[in-house]
């Protein structure tokens, strides 16, 4: 790698960056992996920006959510999973859906509640399930999926499957009773569950200091006798590293882990909320740590991401979204009578 | 065998038949269950299938839901039906709505030891079926005899939907009868005529069936024959059975141990009025517990609960109308 | 290249929002706009937002000015697109990766609405089941009204009507299953006023000798009594009396009377009796048969163009016949009021001499005493008098032409005594039959 500057600081930081990449390359991350991580984070952002625009255009009804600023967490955590592992994502984890293999088309149709979407319009946003990809969508009640994820983890253990279950909760949601009950059961039974606490500083308009007294939410793991760690949620490689450790731990039968991933909620709680209550200074600070920007810088400095490559990736993402939009526009609404069908399984 | 033994037997048979059937609950393993329904199970099926869970109904019901989604057939036990409220959110928002939204079956059973008459007081005597009757996506069953208890638990385990199984604690050891050995099912969604009659129809379930049958014997001596329709399944209701019987007799009495206001008897009365009005020769009557929490002292509880005499009085009023 | 017109709507930026205000248009008609480029800014209760254009093209219309508040989903602008710009070079869009499973139908059936049933005149309650059985058995409302009820409050229960249907089929008399109808009104016969109590005791020489006390008591006839006695003898000597008796089914009248009893009494202040019905029928018949409304002078017949309807009233002092003047001008209520007025004033002795003059026909109701059939004496100089017997429930044969069935009906026997000098059997019979017909087919609408 040719040096282009003799500045010590630059040399040191570049060396550090090289070391990071090399660590990951040594730790089993190929060049393709790194580019894929970047691609999916970009895709997630572009997709969610499109969703927001569609909402503003009145084409999405009800509500729409974004995980802007959370891409490193959603992508990094899910990237540690294998095909046969289970994902129970939350509403700011679109990146995880993409990592697991969900297509832009399906997610677009799902958000617009079309008749040929995976939920056939019975529910919107990410509230769908796709067993072929082992994605099980959340419900609006935060924390409700943790005991269910625990149950799936139980099934894995009982059937001696090597699969693990990864689920998510927010800093506010972590206070819900069902989260505790799920963790209590998963811990004492040493179930293969990984809980990602996405601490993005705000639960709707409630800032973190009104939600908890402790510094680190991962300290709650101590109460359950399980492993807990807090990680910089804007550093996709760090997130991936600790996620892999947690997944391995679970697969070895050593029980659940809590990973607190610290980020910032860059947009409002939902598309109708412009987060006027968040101090502008806070947002500005976190903007500097934008996970995509950070990672892009790292990849560029390593020569792994050229301008040309980047442009072609963006073009590809745009094309996918375009095509998904076209498909969605021409897809029908579910017929009204379908509401009366399919209440009971046969 | 007793009503309790019939439930045990049914569960055991299903667990032998299908290895994906697992049990979850507090104290069901080593202890054999608070009421001993699962006595001997952990010895036969092992810790991998009979799980002593943590104390937490949300965890129990949620885990059952998750295990069901992942392809197992879990049977969760609430130690007392009263405690199901701690897992209410899981049941009504996750389990009940799951298939409708995701098209993935949730083949789970929640066993609920319910009912009063044993001085359990306000928190050990509830009949909570009305809360869940109102939740589309759930199925509710309530056997009144050992035969139905066995047949229904087996049917519940085999059903691909979340089934709430209301087993009455009083009937556990007070009922005993011969049950055939073979593998039989009581289909969910089908009522049973426990006694035929021509003058009055009683629509009822669980303990109500026994009050009605005893009262019917007395009424026969007074020259009035009473038909007792045992619902067996509360949701989905066997509407045809109810309506056919009322169309035959022209007079309907609904009996349930659950409290009166908003009990499922109200829905049954509305159904009869809507679909069999032309066939009614008298207003529809209900006998149920008082609208209060279940009191503890035996004299208070007796006043609170229905019984054969109260049912008999209502039948006589209907007969004279 | 084809053009397409795209409508831009006011979006709903929040589940509970119903409207938005246009704050600023970033484009005007004729401007080019790219997709996702800001088209306008809006303000809502929850948030202010920039709205990106959904398509690329040329803005053709802005439908609302700035500062206007518009309901969500209202069209606010129109954009002409260049059509093919967004067509993909690649293959057309495919179905999603997972095809959603087929859904089983979930049937919802609408319950049938029950047939409509007329209100029973008596106001008695019939359950839906009983009405159903009645309809299926071809039992009309009037017939249903006659069936005795053993149910609560005397209602016809399922058992009662089923038994009735059985009996009807067999043609047997309807079973007297626990009749809840009160026995015949033996206890309700009004006692006749004691005339002799009001007469003067006489001690009159010759007569007292012939009829001495204590075995005999001599009373002086009152004027009224003398008049009556004299009148009756003269009447019999004057008119050759012939009588015709007719059976009259008063069921309908009785039902109407009971139906309207409360309302009538509330409105008029006196009870609705049978009399106005009878009067009404008589007046109608008299108008049809004017010869019956006449008198005789030698070989001349004096036809009266008015009807003076006399109502025989039993008073303390004897029989009095006050007259409803110009009865032909009165409607049902008018007749009822007049009858009531005359009866009241008779009993309170406030009748005027004119009240008892001008009669052309008389009605006498001895049924109140329980008399079944009477043979009254004509009130001279009239040529006929109508007597009404007791109204009593009797078993009769109905639908005789279709084979017949036994029913219970309110029956009364009407007698017409008439003067055979001018009224022969044919006329008398027809006249009486006409009255009966009016009564049996009384139009309820006359009451109100």
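Which chain is which? They are A, B and C, in the order written, and residues in each are numbered from 1.
We adopt the following convention: a residue touches a chain if its C-beta (ideal position, glycine included) is under 8 Å from a C-beta of that chain, and two chains touch if they have at least 3 such contacts.
This one's a predicted model, so the numbers in the text were calculated from it and none came from an experiment.
Enquirer: If you take the chains that touch chain A and keep only those that also touch chain C, what is left?
Expert: B
Enquirer: Closest chain to the overall C-alpha centroid, by per-chain C-alpha centroid: which is it?
Expert: B
Enquirer: Taking each chain's centre as the mean of its CA atoms, which one is farthest from the centre of chain C?
Expert: A
Enquirer: B-C or A-B: which has the larger count of contacting C-beta pairs?
Expert: Looking at B-C and A-B side by side, A-B shows more C-beta contacts.
Enquirer: Please compute the C-alpha centroid of chain A, do the same for chain C, then give the distance between them in whole Å.
Expert: 77
Enquirer: Calculate how many whole Å lie between the centre of chain B and the centre of chain C, each centre taken as the average of the chain's C-alpha atoms.
Expert: Taking the average C-alpha coordinate of chain B and of chain C, the gap between them is 52 Å.
Enquirer: Could you work out how far the Cα centre of chain A sits from that of chain B, in whole Å?
Expert: 43
Enquirer: Residues of chain B touching 2+ other chains?
Expert: Only 103 qualify.
Enquirer: Touching at least two other chains at once: which residues of chain C meet that condition?
Expert: Answer for chain C, listing residues that touch two or more other chains: 100, 103.
Enquirer: On chain A, where are the residues touching two or more other chains?
Expert: Each of 120, 342-343, 346 in chain A touches at least two other chains.
Enquirer: In their complex, what parts of chain A are in touch with chain C?
Expert: Residues 53, 55-59, 61-63, 103, 105-106, 109, 116-118, 120, 130, 132, 268, 271-274, 319, 322-324, 326-327, 330, 338, 340-343, 346 of chain A touch chain C in their complex.
Enquirer: For the complex, give me every residue of chain B touching chain A.
Expert: Touch list, chain B to chain A: 22, 48-49, 51, 53-54, 56, 58-72, 74, 89-90, 93-94, 97, 99-107, 136-137, 139, 160-161.
Enquirer: In their shared complex, at which residues does chain C touch chain B?
Expert: 100-101, 103, 111, 114, 127-130, 132, 151-152, 157-158
Enquirer: Going by the contact rule at the top, pick out the chain A residues touching chain B in the complex.
Expert: Chain A reaches chain B through residues 86, 119-120, 122-123, 127-129, 131, 136-137, 139, 141, 144-156, 158-159, 177-178, 181-182, 184-185, 188-189, 342-346.
Enquirer: Taking the touch rule as given, give the residues of chain C at its contact with chain A in the complex, in rising order.
Expert: 8-15, 17, 36, 44, 46-52, 54, 72-73, 86, 88, 90, 93-98, 100, 103-106, 108
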